[in-house]
Structures are given as C-alpha cells and as structure tokens.
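In the two complexes below, subunit A is the common chain; its partner is subunit B in one and subunit C in the other.
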Partner chain A sequence: MTCTDPESLHGIAWLACYLSSGKHMLFYSSFGTVLLLLAITAPVSLAFGFMGAMAARAGFAPLRWLGLAYTSVVRGVPDIVFFLFFVIALDQGIEYLRHEALCPGWTEPVRQGNDFIVCPEAKAPLSTAPQWVHEVYNFMLAVFTFAIVFGAFAANVLIGAMRAVPRAQMETAEAYGMSRRQAFWRILVPQMWTYALPGLSNLWMILIKATPLLFLLGVEDIVYWARELGGSKNPRFSSYPHGDWRIYYFLALLVFYLALTKVSEVGLGRLTRRLSHGQATAAGEAMRKAGA
Partner chain B sequence: MMMKKLFTFGAALALTAGTAMAESHAQTVRMGTEGAYPPYNFLNDAGEVDGYERDVGDELCKRAELSCEWVTNDWDSIIPNLVSGNYDTIIAGMSITDERDEVIDFSEAYFPADPSAFASMSDSFDGTGVIAAQTGTIQASHVASMEGATLIEFATPDETVAAVKNGEADAALADKAFLEPIVAEDAELMFAGDDVVLGDGIGVGVRESDGELKEKLNVAIASMKEDGTLNTLIEKWFEGMKGPY
Partner chain C sequence: MTCAETFSAYWLRSLGIGERLLPRADITLCDQIVLIGSGLIWNVYFGVLALLFGFFLSITVAMGKASPHVWIRKPAEWFIFLFRGSPLFIQFFLAYLFFLQLKRLGIGSDLLTSAAAGAVVVLVLNTAAYSGEIFYGALRSIPKGDLEAADAYGLSGWHRFRRVTYPTMLRLAWPAYTNEAIFLFHATTLVFFSGFPAWQQQGDALYYATYFADKTFNPFVPYPIVAIYFVLLTLTVIAGFGVANRRLNRHLPQERRTRLKIRPQVIR
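And now, the complex of A and B:
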C-alpha cells in the first residue's frame, strides 16, 4: 500500500495513510513530550518541595523566611501569569548574565525601546543552533517553571506531613541519643511520606492536567497538534482534505488524560498501601490487625 | 613528531571550525510564522511550514545570502517573541499598520493590501450582528469599530470559520485570500456584504533595532518585484489573482 495518491484511496486504506502522515507522527511524538515532562517534572518538583519545606522549618531565620516566601508567593500567583511572565524573565535573565560574562566590550544598551538585545554570542541558545536545540531549551525552561510552581505546593504538603509525624517518635529518637539531624533523616523523613501522599497524589493529578500549559511556553504539545490536525483542511493545501474534526481529536485527548489519571490512581493506591505498612496511623493499624 | 602532527591537525580544525562559526553566525536568521493561515503560511501534511510565505521567505534568504530557519509561534505572542529575540523576523501574513509599526519595523510590502471579506451562511448578512475575527488582527479592530456589530475573537483563523458554521457568529471577517478556498469548498458558506480594504499590504516584521536586516530584506524584495518572481509566486498560491508588481 502506498500513500502517494490518497485521493484514490477509500475507507480504511485512506484512514491508515491519513493517520500515518508526517504531521500525525509529530502528533504522536508530542505524547512522548508530555510524558517526558511529567517524568522529569515530578521528581524535580518534589526536590524543590523538599528543600522548600526544610528551609521553612530551618532554625536560621533568613533561610526560614526564604522558604516561607517561596511557598506563599508562588502559590498565590495564578499559574498562567507565572507561565507568561516568569519564563520570559528567566530566558532574558539567562541571556543577560551570559551577555555580561561573554561580551564585556559591548557598549550598546540591552534594552532599546521594546527590544531586548544581547550580543550574538550570548543568545541562549545561539541563533545558529539547530531547531532541536531551541526546542530542548524551551522544554527545559518549561520543566523548570513547572517544577517551581508545583514545588511550592509540594513544600506546603511536606511541611504539613512533617508536622503530622507524632511528636512521641521524635522524643524517643532524642531519648536514644540521636542528634537533631539524625532524628530528622532517620525518623521524621521515612515516616512523613504516608502523611504527605494524599496531598502529593492530588498534586500529581493536577500536574497531569496542567501539561497543556506547555503550549504557552512554545512547546508543541498534544493540544497544539490536536487543534492543528483537527482544523478543517482544504483540498488545495492538503492531500487529506476534511472538515472540522477537532471534536474527534479532543475526544482522543480526553481518553488519553482519563487513562493516564486512572493508571496514576491505581499506582498511587498501591504506594499508599505500601507506605502505610507498619505506620502508627489508622491505615497502618488496620493492616497490622488484618495480618495478625 | 606525532605530537606535532596532532597539534597542527588540532589547530587547523579549531581554525576552520572558528571561521565556519563566524561565517554562519552573521547569517542565520530565524523566521517566525504562525503556520495556520493558508495560503499565506500553513503546515503541510509532513508537518513542515509551507505556503506563499515559505516560498517568498526562502527566496528572500537566498537573495540576501542568509541561512534561514523556520519557526512557528502562536499568533497571540508573535510580536512579544520577536522583540525579546526568540526569532528575527515575522513573516506571517501580518499587515503593516501604524499600531504595529510603533512596536516593530516592517520591510517593504511583499503582498499588496488585500481586501478582507465577510464569510456567512446567509446572503442577508448586512454587516451587523455577531462577527468573528482572529485576535489581534486588523480585521478584529475593524469589526470593533463597526456600527451595530459585536466582535467575538478567536485564537486561530480556522476557529472563526468554525464559529460561523456552528451558528455562534453571523459572519467571519478575514483576508479574502484565506476565505476564498474555504468558501469555494463549502456549499453552505458564501461571501456576503461588501469587501473592505484594510492595512498597507503585508511586510516582513523585524525588530526596530535591526535596521541592517531590514535593509537586506528590502533590497531582496525590490529585486523580486523587479524580475517578476513575486508575481509568479502570487499567481501560484492565490488562485485567480493577478500579480500586482
């Protein structure tokens, strides 16, 4: 079967050719982009959250203020504002620092009216770089931005979880002669996950649903391609003319997102059971009784 | 001996790499377009930028001796991303208007001021009622200034036509060259009311500080007008249109 002359094809053969066009391949690979974003963003956000929570509990006041400022400011700013403003600021910040470092002899101002101009060597990435480098760079900016936003929420969840670990556990650790640091890492951290998990699993679900924001950051995600492919195609500009098919593409996205959240629910349920094991919580107690 | 050979080889490599980089440096121009406005610009079945502006842009780059890279960007943020330097030109069916000229600069027009038309499902459309247009276009600001018309805006031109089809809007206002193939294909749609000529033609948008690039593009556009290349391309992409240059 060849797809060189789609007009002569009908039914399944036409559909098979249509669904394997170059543009559809880009659509399918954008699912990978979304999954990759989730796979990288989740652990990075958790790391940001953990650092934020540790900072917010720190004994050293300025560090504590920093941690509290991070969680309250980032959580208070609407996501979309953050995504529109922060990313441009971050990109220009990186270019400005590179400009200062790489082009000391440059005399023209960086801001000229509306324009933001750095020397060609300071562009991030260089304008000579191939397109995929630009795409990877945009993707990294997206991961970083998502991680900051979701890290702030995760920090708040983790602060709560750390407080929820029974005080008696820490007192016992101290009675055994552990230092504050030892008690934190050996007693508090292993036990806090069971309290953090409900909040973190909420965040994970919200993160999955927030991935269409990628398009705002110039990353061509599944929503972009669904809209592009679903829009009506004229026979003069496409070998596969069709009407407005957006509904079918968006239904496919609906199925994808529902499947992803369902799989997550099952996975998180298992994790919850595992973390409850041997814990001084109602769930842990129930498991102990069932096992006995 | 071996060491020396290696050293010379390494130095030669570094030297060639250095000059190659310096050469390509001055010449790479990133071309920003929307990719959703046939026949001006759209993504073809292979997912590449195609259309009248692709042909014009590639020819401009050849004549101005620039190496060009095509980038697509959402229409909404196409100007902010130009001024912050994510690409170097906007070649996206963007009409030259005074409002835009305050923020960016335009090359000479590579496409004349084209009439905009109303596409509607009823021939009784009289220029009043709900009219759909793409956000941030000359058509949207024209509808906003029309007596008795309510503007609804959409992010992509395709959605404005979809709004007419599903009854949300009485008509869509867009470049006639964009609507013409759609109306020709669709039995329910027709042109209604009078066409309006908006803007001063379509030019390549560049940063105000990028005078040198603008000069190069102007020279290339002038030469394409002179030898009839632009006319040929217009006749290729816009059915039934005579090249005006």
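And now, the complex of A and C:
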C-alpha cells in the first residue's frame, strides 16, 4: 500500500494514509510535548514548593516573609490571568536584561509609546535563530510559568504537611541530640510525604487539566494541532480533503485526558499505600496489623 | 476624551451599548479600567447563572451517586468522572463544536453557538459535577444520629430529606462549596479563549485585558487590573456565602460552627 496518490484510495486505506501523514505525525508527537511538560513541571514545581516551604519556616525573618509572600501572591491572583501575564512579562524581562547587558550604546528608550523595542542583538531568541530554538524557548517559558504557579500551591501543601508531622517525633529527635538541621532532614522530611500526598495528588490532577493552556502560551500542543488538522480542508490545498472534523479530534483529546486522569488515580492510589507503610498514622497502623 | 466621557461611552460596551469602536491609539489607564470593568459583567453573568442552575443539578447528581440502584448510581458516577477528569478548556471546545454540528443538522439554533447560552450550558454541567462530588461527600458524612433521630420522629421520604438530610448536607458542604463558587468565577475567564466567539468584540474582562496587552505591548497594566477586579469579585462571593454559612450554622453552639476557609485553586 502506498500513500502517493490519496485520491485513488477509499475507506480504510484512505484513512490509514490520512492518519499517517506528516502533519499527523507532528500531532502525535505533540502528545509527547504534553507528557514532557508534565514530566518536567512536576519535579520543578515540587522543588519550588519545597524551597518556598523551607523559606516560610526559616528563622531569618526577611526570608520567611519572602516565602509567605510567594505563596500568597501567586495563589491570590486568578489562574489564567497569571499565565497570560507571566509569559509576556518574563519574555520582556529577559529581553530587557539582555538589552542592558549587550547594547550599552543604545540611547533610545525601550518603551516607545505602545511599542517595546530592544536592540536586535538582545532579542530572545535571536530573530536569525532557527525555528526549533524559538519553539524550545517558548516551551521553556511555559515550563517556568507552570512551575512558578504550581510551586506556590505545592509550597502551601508542604507547609501544611510539615506542620502535620507529630510533634513527638521531633521531640524524640531532639532527645537523641540531633541539631535542628539534622532533625529536619532525617525526621521531618522523610515523614512529611504521607501527609503531603493527598494535597499533592490533587495538585497533580489540576496540573494535568491545566496543560491545554500551553495552547494559549503559543506552544504547538495538542489543542493547536487538533484545530489545525480538524479544520475543513480544500481539495486544492490538501491531498486529503475533508469537512470540519474538529469535533472528532477534540473527542480524541477528551479521551486522552480521561485516560491520563484514570491512570493517575490508580498510580497515586498505589503510591499512597507505599508511603503509608511504617508511618505513625492510622493507615500505617492498619498495614502493620495486617502484616503481623 | 475625559475619564467621565470614557466611562459613559464604554461602561456597557461589553453588552454592545455605547461607543462601537474600541480605543485604538492613546490608550489611557481610564480606558483600560472602564472597559475591563465592563467585561466583568460577562464574568458575573456566567458565574451567577452557572451557580444558580448548577446548584440544583449538583444536588440531583449527588443524590444519584448516593443511590443504591446501579442504574442511577453509574450514570451519576460517569457524569462526575467525565467533567472532573477532563480540562474545562477542552470541554468548551468540544461543546462549541457539538453545538455547531447541531446547527448544521438543523436541530440547534444560533443561541447555543453563542457564548451567552452555550458557555452557560458547559459551566452548569461542569460545576454540577464538581459540586456534586462535594455534596456527595457531605451526604456521606451526615452524622448517623441525625438520621436515626429523623426515623424516630417518624420522618421519611421527602420530609426526611427536606427537614434533616438536606440542611445538614448543605451545612457540611458549604465551606467547600464556597471554594467551588470562587473557582467557578475564575473559570469564566476561559470562555472567550475556547472556541466561543466574542460577537462584535463583546467579551469578558480577560478578553479586553488581552486586547489592551496586544495593543500596548504592556502586560503590566491590564492584567493587574483584571487581577484586582477578580480579587474584589472573590471578596464579594466570600461575603455572600459567609452570610449563608452563618445562617446554616445558626442553631449550633459557637465552637462547633464551621468556619469558611478559603483555598482557591488554580484552574480546572
């Protein structure tokens, strides 16, 4: 079977050729983009959250204020506004810093009325850069934005989890002569995860459902391709003419997200069991009794 | 134009009343505040309608999920999974395309493909699923003693629901339901980014904010304005739900009353 002459094909053969066209391959790989975003964002925002939580507990007051300000400001600003705002702000911030560093002789103001103009060398990425650099740059901006926003939420969950570890555990650590730092890393951190997991699971579910926003951030993600491929195709411009099929493409996206949610539910359920093992909680106690 | 003139020209622009052309050049702070505020009318419209209809549907869904009959329970569970398990953004797209398909087949009308009606349908179903899960959780945590007392008084069926189950469920669910309402108002900003067209540039607060950000290349003014408007909207919602919360808890001793704890989430 060859796909060189689609007009001669019918039925299944036509569909098989249609679904394996070059653009469809890009569509399939964009599912990878979404999974990649999740895979990078989850640990990065957890790290941001951990730092935020540590800062909020710090003995040094300005650091503590910084941690608390981070969590409350990001959480207070409504959702999508933050996404739209942050990407442009970040982009302009980077270009402005590069402008200051690379073009010291530039005398014109950066903001000219309604325009934001930096010298050509300060453009990020450079306008001469190949297409993939632009795409990677946009993707990295998106990852950073997601990480900042979800980091604030994770910080809030982790602060709660650190407070939930029984006081007696920390007192025991002190009785054994551990320093504050040792008690934190050896007692508090290993035990807090079981308390943090319900909140973090919830956050993970929200993160999954926030990924279509990549489309708004200018990344060629699954929503972009579903609109692109599903729109009606004219026989003059396409070898696979068809009507408006967007509804089928979006149904496929719906199934993808439902499957991702279901898999996550099962996976997180297993993780919860794993983390409850040997913990000083009701779930951990039940597992101990069942095992004994 | 002075600020007062701008106000009278644009404060109902989102409904198509007043000046037709949006400001293009020399955009002032006043323009942005007035027009974005005008867009907020749509957010309030979507939020209030969705809350109103969603409330009744969500209680139905919660009762369905708690039902002992498989044929009632399963559809309710699937409904909740469908709307809680997928992004609202995708739901908007899909619903818009579905309504478009209906219109082509001659079944639907122009009404459903417009944001004013179509988006409300999606938001109602979505909030019904989320709050259905909340009410279901509350239904399951009604103290056993309350129901036994209802039995002892000879209440059954509708009377037991109306007098005992429903008020207790509402009281237990109220703090979480308040969060859901805040969350819903925030979600209304997605409408005009997801297929539903803004007819004659009549959009919501975020629509105009994006317009200004595109025109001025300066995100540092319009987006914070939206943020401030939404903080005010959120505070209004909290105040309104707080009044209801006090009423629902008025029979309890002070220390047993549940306090509203506000934890807005990021996005659905």
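Just so it is clear, the second predicted complex is superposed on the first by the 292 of 292 C-alpha atoms of A that agree within 3 Å, B and C clash if a C-alpha of one lies under 4 Å from a C-alpha of the other, contacts with A are read in each partner's own complex, and residues count from 1 in each chain.
To be clear about the criterion, contacts are C-beta pairs under 8 Å (C-beta built on N, C-alpha and C of every residue); 3 or more make two chains touch, one makes a residue touch a chain.
Everything numeric here is computed off the predicted structure, so don't read it as measured data.
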item	value
Three-chain arrangement built on subunit A, subunit B and subunit C clash or fit	clash
First, second, both or neither for A:257, with subunit B first and subunit C second	second
Which of subunit B and subunit C A:120 touches, first, second, both or neither	first
Which of subunit B and subunit C A:134 touches, first, second, both or neither	first
Touching partner for A:247 - first (subunit B), second (subunit C), both, neither	second
Partner chain(s) touched by A:95 [first = subunit B, second = subunit C, both, neither]	first
First, second, both or neither for A:150, with subunit B first and subunit C second	second
Partner chain(s) touched by A:177 [first = subunit B, second = subunit C, both, neither]	neither
First (subunit B), second (subunit C), both or neither touched by A:232	first
Which superposed partner A:210 touches (first subunit B, second subunit C, both, neither)	second
Identified clashing stretch of subunit B versus subunit C [19-27, 37-45, 163-171 or 235-243]	163-171
Subunit B and subunit C footprints on subunit A, overlapping residues	88, 92, 114-116, 215, 244, 246
Subunit C residues touching subunit A - in the complex, by the definition given at the top	25, 27, 81-82, 84-91, 93-94, 97-98, 100-101, 186-187, 189-190, 193, 206, 209-210, 213, 215-220, 223-224, 226-227, 230-231, 234, 264-268
Complex contacts: residues of subunit A adjacent to subunit B	21-23, 25-26, 88, 91-92, 95, 112-118, 120, 123, 126-128, 130-131, 134, 215, 218, 220, 227-228, 231-232, 234-241, 244, 246
Touching residues (chain side subunit B, partner subunit A) in the complex	21, 24-25, 28-30, 35-36, 38-39, 42-48, 50-51, 69, 71-74, 80-81, 83-86, 88, 103-104, 156, 158-159, 161-162, 165, 181-182, 185, 207-210, 239
Residues of subunit A touching subunit C in the complex	75-82, 84-85, 88-89, 92, 111, 114-116, 149-150, 153, 206, 208-213, 215-216, 223, 226, 244, 246-247, 250-251, 253-254, 257-258, 261-262
